[in-house]
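What follows is a pair of complexes built around chain A, which joins chain B in one and chain C in the other.
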Partner chain A sequence: MADPSEFELLGRVTIGQYMPTGSVLHRLDPRAKLCMAAALVATVVVSQSLLGLTVLLLAVLAALALAHIPLRFALAGLRPMVPFLLLLALLQVLAIPQYSANARVLWRWAVLTVSDRSLIAGVLLILRFCVLVLSLSLFSFSTTTTELTHGIEHLLRPLQAIRLPAHEFALVVNIAIRFLPILAGEAERLMKAQASRGADFGRGQRNFIQRARMLLPLLVPLFLVSLQRADELAEAMEARCYLGGKGRSHLIQLQARLRDYVALSIMLILAILSIHLNAIQADQVLWTWLAKNLSHLL
Partner chain B sequence: MSEPAAPLEAGQPALIRVMGLCHTYLRGTPLETPALHGIDLLVAPGEVIGIVGPTGSGKSTLLQHLNGLLRPQGGEVFVNGVRLSDPQADVRSVRQQVGLLFQSPEDQLFERFAGDDVAFGPRNLGLSADAVRERVRQAMEMVGLPFEYKDRLSTELSQGERRRLALAGVLALQPRVLVLDEPTAGLDPQGRQDLLRFLSVWCQSPGKAIVLATHNMEDIAELCTRVYVLREGRVILHGPSREVFGQCELLRQMGLAIPVAAEAMCRLRQRGYAVAGTALTIAEAAAALKALIHG
Partner chain C sequence: MSSTTRRIVVAGVLGAISIFLGASHLGFIPWLAGAALTIMHVPVIIGAVLEGPWVGLAIGLIFGAFSLLQAAIAPTGPTDVWFTNPLVSILPRLFIGPVAWLVYKALQRANEVAALATAGVAGSLTNTVLVLGALGLLRFLPWALIGTIAVTNGLPEAVVAAIITVAVVAAWKRIETGRKGSTV
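Now for the complex of A and B:
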């Protein structure tokens, strides 16, 4: 069977799409979701513990199930990043031993060394990355861009005191996100049009310059069209008397409910648990326990 | 609706044959959207096929199957005997034989100079510089752009000229079938007339055929020999233009406009005037009225 979606750009990139399943997660206040996402990202970055990250990964998987999003669809967003991820993990595995004094060397060849520490670091990197991508996918699957904009604007509002233009900032984010699928659709159309004239994207042995030249028929019209679109958007906004955030009221008034506080509390508990596991060095405890029992078995 | 009056003369192979074509966008994801359900379509040399239908009826999806941009998920598409569901099918030669022009094609011009843009296709075919030049000349003259325009900046041309330039870019591949999506949308009346006149001349040459999808029923009335009416991914009506536009009640129910002349004849008949036949163009309508008044 021939690949029927040779040009379907949107079909491959699942991250950044909204999936209206109407679950509890979809109905959460966007501010709560933004705070949860920020807390999760911070915890993931801070945590050095395999156990802590596994807890977070399981939590994200549970949340995906709660949001009625098929795991296969969520994982599709991870797939294109797998090669990079493996490369990064490999670099991590090879680079760490040089900086760690009390690591046990497992394997050595010329300048390359692999130790127990570095293997753990590689696994940590992969885990961390999976949690990040899955949680951000989940966020975009369950939050419309309008909700996101409102959430950002509300959260940034206190910063208006120091003259941060909260509304404008939120609008920029909104437009950038809103235009992504449009640009992807445009790129798809152009690729098809140029392919109809015999263009061949991505295949064949060519050097770098030829490859870059091959993209011109796609990039030049794409830029022209987006500039034109930006111009039209600005005009359409001015035609409807847009003057920026000052004195602007909102159609949707955000209201925090009980479920938002519950969700935030769960997130907080997870974050504390994960960092606590890190602090008490639960991994070491687990390793020693495993080592003792495995040697017992052997 | 009966089967179309045999579109194929004996021994004449179809240029394009579509059988039971199905397509679903984003198949296998929660966002999947069915677009085509079992489309049958035939294009023979010398024909101008019109595809009409409301927005979202699957016109563009169907057109993209005709040159292998989309491969059949179900059913078959044959272009000049090449089976497109075969992964080994030579899609590039199919795309050369079936020239596809998208909606508002003037957006896809990318070269600084007009001539270079027309030359994009022939260069991709790997032709020599002389052959490319010759093809560019032929293609530009076919669409009524003087060959000297090749040295103009493509941004300097008017919208109608840019659209004809894009058309020349497809014609330079010397396709046998021209597939057009909304070719006259957004053109002024003069630009539209020029384009239609060119298309009717082009399909006179032997072995050529045109498939065009449009909202504009007047385009169909002026050009097309046969019409397919699509709705929600199914062909619900097809046949010679005159027969299809004779069914004005049915078309109106589907929210489709019909050519002004056919509409006028239809209303006259509803009021009890015995006008003969279905007029497609204003001239035909005038003749029918004259016949009614004088005799």
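Now for the complex of A and C:
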């Protein structure tokens, strides 16, 4: 007897989970929020400095408090990852050679070597992941998908000057998001139809060829039904004289306010601060200071 | 029918399938020791083969952006930590569609089915090589391990991608010619 939840396909999706707390972050212009998210992700990826990343982590925690989002919701996605994260950090510390001339070896056993550099690399990995998880969760908790697609379209608009299809791409994203629940319903129907004919979608022990073959009677109709629907949708749009982005107006006009500029400036300052801390090698300064003071204490 | 509207809609719908395969975990086939094979990139290959490189690029971008979001918001496995980096999750995925399309166009004259299968393999291997290459360049993994993963994960993924691409596109084109009486 199959577990009925086996057919609940989108139950686990947390992306696009919106928490309407009505905070000032929720009311920010989606364009500003998109720019801030992009700037934050770029800074986190570039930054090699522990101090710089700590600054960003504190900023994201402050923003979560400002958005009235309980920390345990934001951390819920992080919790199952903790063991993996520690394992990966360990791998980073032990197995990946950090090619650096002035790395100090702290510990060595057979082929395993721990230098200060590799230790820092492991901590950086954990910090970076935490900042990214928290900031992207914050973004999806405070932005509806409608705001998101509007924001994307408006932000990409300048690219139309160099003939990049900004409006078209925003529409693609919009269709994809709107289509998701329809697709889930369709897949559920197909799975039930196949299960009633004896197909077993359970998570039994099978080799991958069997599993792949098992998926074919589900995937092929799913693709075909979707392509059929795409045809119908395109025809319906043509019948309503859809002509692309030229001269189209919008029901909701986005307007940037003072608070959007303030938020953007704060993000910019944080990004510059973080990269500056990276550039002046603030970590080294901190290490020397700590080493001096600790040796003094000892 | 205007081809632009059609391309927009097909890209949107196939992008939705890619998101759906990831979100519902249908797109992961359990494989050796917890590592999973993915077929989330198959919609990118199919879109590129059916509607051209731009559609492939757009679906690849959606696939990449979603895998970044999923890795960050709802992580499912140890590798998700790396995929929060857009250089691993987004950039490599942009090339799947264009490569699959080029291979398909180059071989289409010779044999349609062989062209589809090769496009599936080529698109899938593009994903494997570029993602693992990014992991290696960013020093997340030692190169020796990357070679092993490329063989144990990349090759079965390429085979599965080729099978699904051929099955879907062949069926779709037959339906199209059958119902509307036009050739593709």
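Just so we're on the same page, the second predicted complex is superposed on the first by the 200 of 298 C-alpha atoms of A that agree within 3 Å, B and C clash if a C-alpha of one lies under 4 Å from a C-alpha of the other, contacts with A are read in each partner's own complex, and residues count from 1 in each chain.
Here, contacts are C-beta pairs under 8 Å (C-beta built on N, C-alpha and C of every residue); 3 or more make two chains touch, one makes a residue touch a chain.
Since we're looking at a predicted model, the values are computed, not measured.
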Checklist entry - So, does A:L94 touch the first partner chain B, the second partner chain C, both, or neither? => result neither
Next on the checklist: Per the contact definition in the header, classify A:V220: touching chain B only (first), chain C only (second), both, or neither.
Outcome noted: both
Checklist entry - Which partner, chain B or chain C, touches the larger number of chain A residues? => result C
Next on the checklist: If we overlay the two complexes on their shared chain A, which of chain B and chain C does A:Y242 touch? Say first, second, both or neither.
Outcome noted: second
Item to check | Contacts of A:R189 with chain B and chain C, given as first, second, both or neither | outcome: first
Next on the checklist: With both complexes superposed on chain A, which partner does A:F73 reach: first (chain B), second (chain C), both or neither?
Outcome noted: first
Next on the checklist: One more residue to check, A:S140. First (chain B), second (chain C), both or neither?
Outcome noted: second
Item to check | Which superposed partner A:L273 touches (first chain B, second chain C, both, neither) | outcome: neither
Checklist entry - Which parts of chain A are touched by chain B and by chain C alike? => result 10, 14, 216, 218, 220, 224
Next on the checklist: With touch defined as at the start, can you tell me which chain B residues reach chain A in the complex?
Outcome noted: 23, 25-27, 29-31, 64, 67, 69-73, 84-87, 89, 92, 95-96, 99-102, 105, 107-110, 120-121, 124-125, 169-170, 173
Checklist entry - Okay, in this complex, where on chain A does chain C touch? => result 9-10, 12-15, 41, 45, 77-78, 80-81, 84-85, 87-88, 92, 95-98, 125, 128-129, 132-133, 136-137, 140, 165, 168-169, 171-177, 179-180, 183-184, 187, 203, 208, 211-212, 215-216, 218-220, 222-224, 226-227, 229-231, 233-235, 237-238, 242, 244
Checklist entry - Inside the complex, what are the residues of chain C that reach chain A? => result 1-2, 4-6, 8-17, 19-20, 23-26, 29-31, 37, 39, 43, 46, 50, 54, 58, 61-62, 66, 68-70, 72-75, 77-78, 80-81, 84-87, 139-142, 156, 160, 163-164, 167-168, 171-172, 175
Item to check | chain B-touching residues of chain A, taken from the complex the two chains share | outcome: 1-8, 10-11, 14, 17, 19, 21, 69-70, 73, 76, 189-190, 192-200, 216-218, 220-221, 224-225
